[in-house]
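What follows is subunit A paired twice: with subunit B in the first complex and subunit C in the second.
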Partner chain A sequence: MKRSEIKNGVAELLSITVGRPITGNESITRESEPTWDSLKHVQLILMLEERFGVQFSEEEMAGLRDSDEIARAIEKKSEA
Partner chain B sequence: MRHSIRLACVRYRLRPVTMEDAAFIVELRTDPMLNRFLHEVSPRVEDQVAWIERYFERPDDYYFIIEDTDSCKPQGAIGIYDFIENRAGAEWGRWILKSGSMAALESAWLVCEVAFAGLGLGSLWARTLADNPRVVSFHDSFGATRTTTLKDHFKVRGETKAAVEHRIVAAEWPELRARHYTIISRLANRVHQ
Partner chain C sequence: MEALLLRAVVEDDVEAAGHGDDELVEVFVSVAAAFGAAGNVVKIVDAFDFKGDVATAFNESEIAARIVDARKVQDAAVGEAHELAVPHWPIMMTRAGGSRHRKDITVKARAEAIRGELARRRGIGYNREIGSTMPLLNSIEEEIRAAPSVRRADLLQLSEPPGLREVRVQVHRNYAFELVGSVVGPFLWLSGLRPVFVYGDYDDSLSFSNVNPDAVQMIALDFDRYGEKPGTKEFGEWFAGRLRNLRSKTDKPIIVCNWASVDGRAEKFNRDLERIAERLPSAFTWNVAGILQEMGDRFFDERTTVTGTRLSNSASIEMGRNLGLVRLPSALLPRIKAVAVDLDNTLYDGVLGEDGASGIRISAGHQAVHQELLRLRGEGVFLAVLSKNDERDFAELCEKRADFQIKETEFSARSIGWHSKADGLRKIAEQLRIGTDAILVVDDNLGEISQLRAACPDTPLLHSQNPEQTLFWLRHYPALNGYRAHGATALRLNDLDASRERELLRATTTEADYVREMQIELTYALNPMSLCGRLAELSRKTNQFNTGLRRFSEVEVARSLEAPEHFTIAIGMRDRFCDSGIIGAVFARKDGDALLIDEVAISCRALGRTVESPMIALALAPILEEHRLQDVAFRFREGPRNLPARMWLAAFTGAKEINDGSIIRISWEEVPQREEHVKASVTARWENLAG
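Take a look at the complex of A and B:
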């Protein structure tokens, strides 16, 4: 899967999480988005896993703190 | 109060706070990353022991440790207190979790289950520092109703701060319970795969 496809897919799911449109080129962090709370984070992880066919460990889940990091983690898992 | 309520969900459970938890509570509540939005506490374990002794004497005050069901390692703390007449309602709070803990959803689920199914409360409210938007958002996402903003409700490091109040009534809990249990189960099933 191309990096741009991953970034666009992540942005689409993050739009649901934070309740506003996010583009694939936009970088957002949990710190900068007050509505990206811990419940929405869990829901985001479940959506990402389903969409991209990957699985995150509990430690990885807690460590995913921004959109770029999420896209990189999915890319890495997709390559493996 | 000394209580004996223990309740497990899937990955986490609640158990009564004991004297032996004093050091753990101090460790959490003096962590600058975690205590930004909480009342200050003394960094001395002896003071926390004294606080727990006083807590044991207070009726209708239920303080819990949140722990991992597999490892029994503590993840945080949570409580139900400030009951109103005839158990019509109470507040939940003193909620704190270790950095990186994934116990937020389950611990909130567990405290509601204790309140409504265990203690038979009519409603449960939470008051969050308005300056803590992520936890305010958590309560919104959890399905609690934002009822009011209380001016000058908290005093944190010498400053008075507003609180946002969220409330769940007993009649709402069955639907919320089922909704969140689905997420908890999905998460646990794939984590344990």
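Take a look at the complex of A and C:
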């Protein structure tokens, strides 16, 4: 899967998560988005797994804190 | 790894469990510890400390899984069916995959299309109100809701339609139910309801210390957390006690998840739980174990440290779908009473008038639909045919095609001809003596569906494009499934057939002979707790013959059944044609030297036999005599359809004027024709059904 596809997919799911449009080029973090709370975070992880067919460990789930990190993690898992 | 805070989410209007009541519970001396720590047993000194031992993914200050909406439609939760207007039912559009009409579009492609469309709308500030009326959007939305593996992201992008009623659901739980609660909305919206979930702390002890009496109550427990205890008698008694305690705090429905586990004791526990719930008014079990059975290994996900639940994403979604489409609607809404099905391209492929009985094609999928319809019939739902066809062709189909699995006689009503479907629907409603809003119409023709929608806006509709989707929606259509069966539902089918024979008798006899020849037997039971549910149903559902329109909930009926100097009478009726079951209810109480009758409710199935006055006189006479009461006083409330009750009350009491809200009081001695009523040609007996 291309990096741009991953970034756009992540952005789409982040849009649902934070409740506003996010573009693939935009970087956001949990700290910068007050609506990105822990329930939303768990939901985001589950949606990412649905969308990209990957699975995160508990450590990874807790550690993913921004859009770039998420995109990189999916890219890495997709390559594996 | 980030250390996630071990705190439960506390919703703003429900405080942490802090002051439990007396039944709290020695059984909680030891409880299996938090998720992810199997085998680790925590000693609980104070049940309230327990909440601190439960792991959760959510941060202390966060409000989870709450669908926030500034609009306050109703302050209270929707808890009684009568308070609800029948929702404007959605048209269930079905999936295009496999359909005759849109074979070129795959489900996957359409799902992609909706994602793109929803993303586009987010970007341009999409107007939900306009969008909700777009048929294409509805079509795709229904595909998403019915998909075998529906995706969380797709659900969370669906647009909430306008005009929904808020229903508060207070969840008492010991795990993160938020992942279920967050996807219930898109399903419950189809019932015209918008859920607002209210979460307290995790509480294995079920302290119920801050019950919101206006909210539907849900108990969602992971029973595996209780270790060895759930299989014990002690635990069962404790749990039943906690349910009774919760029941005493609110009149709203209580929904209890059963034990979804591979543990062998779960099956017996769930049977016992069913019995416990049946004994409590307006308490329902939710068969989560059934969802586990269908999903198998996919049900669990042990990454509990972060998610706070052993439910997998798929299981959470499936539970949300079941809760939103089946469990909550069946606890809150009156049941759909009939399913009227089209024939061509709905119960088979082909056109009967052109292909003939031998030419139409009945697939295994169609046969599954037939079986599903028969299952519903077995639960007391009428089946009807609503088709533009020729009666003779239909008769030939039923006669010649063994693979058409529904017998002609199993359709309780029919409208087969060339008039409009709306007219046909009204005809069926008349035959079944129910409203058009209580009939689900299943039809493959979108044009017909649209016309019905315009002519009968309150009628629930299901657009059938292929058997698989039709089957799904027959199993999941809101207010059609999930109801507790009782005797009255099965008797209703027989009664309808008998009514035709009664009409024939009536046409050929005088009125006096008619009553005599019917050989009517009336059975009375005073304060019968075992009939609590049926009595509440009569109060809530009867429209034509209901004097008080009090719409008593099951909990209110249970209360009056036990209250001193209250007389709640169940009336059963049978005649030479059939047993109609419990068809009448009288809710009365002592008021000085009068018997104050809050409500008389008689099922429309019992009307037309001209015995309403004897029926009520025979119910009241022994109570008046035993308690030496001089007067009878009837409360009257006017509704849109209870003119028959008003006319009866005027005739029974001799009152010339009966206004909305008035109490008609009269000396029993002065009731016109009192003697004739109690000496009518009917047999009456009292039974002890107090259990």
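Everything that follows uses one rule, which is that the second predicted complex is superposed on the first by the 80 of 80 C-alpha atoms of A that agree within 3 Å, B and C clash if a C-alpha of one lies under 4 Å from a C-alpha of the other, contacts with A are read in each partner's own complex, and residues count from 1 in each chain.
Note that a residue touches a chain if its C-beta (ideal position, glycine included) is under 8 Å from a C-beta of that chain, and two chains touch if they have at least 3 such contacts.
Everything numeric here is computed off the predicted structure, so don't read it as measured data.
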First (subunit B), second (subunit C), both or neither: which does A:13 touch? second
Could you say whether A:1 touches subunit B, subunit C, both of them, or neither, answering first, second, both or neither? neither
Now for A:63: first (subunit B), second (subunit C), both, or neither, which partner does it touch? both
Subunit B versus subunit C as contact partner of A:46, first or second or both or neither: both
With both complexes overlaid on chain A, does A:35 touch subunit B (first), subunit C (second), both or neither? first
Subunit B and subunit C footprints on subunit A meet at residues 37-39, 42-43, 45-46, 49, 57-59, 61-63
What does subunit A use to touch subunit C in their complex? 12-13, 15-16, 21, 37-39, 41-43, 45-47, 49-51, 57-59, 61-63
Which stretch or stretches of subunit B touch subunit A in the complex? 100-102, 104-105, 133-138, 141-142, 183, 186-187, 190-191, 193
Spell out the part of subunit A that touches subunit B in their complex, as residue ranges. 30, 34-40, 42-43, 45-46, 49, 55, 57-59, 61-63
Residues on subunit C engaged by subunit A in the complex (per definition of touch): 1-2, 4, 9, 57-59, 62-65, 115, 119, 122-123, 151-153, 156-157, 178-179, 182, 303, 305-308, 313
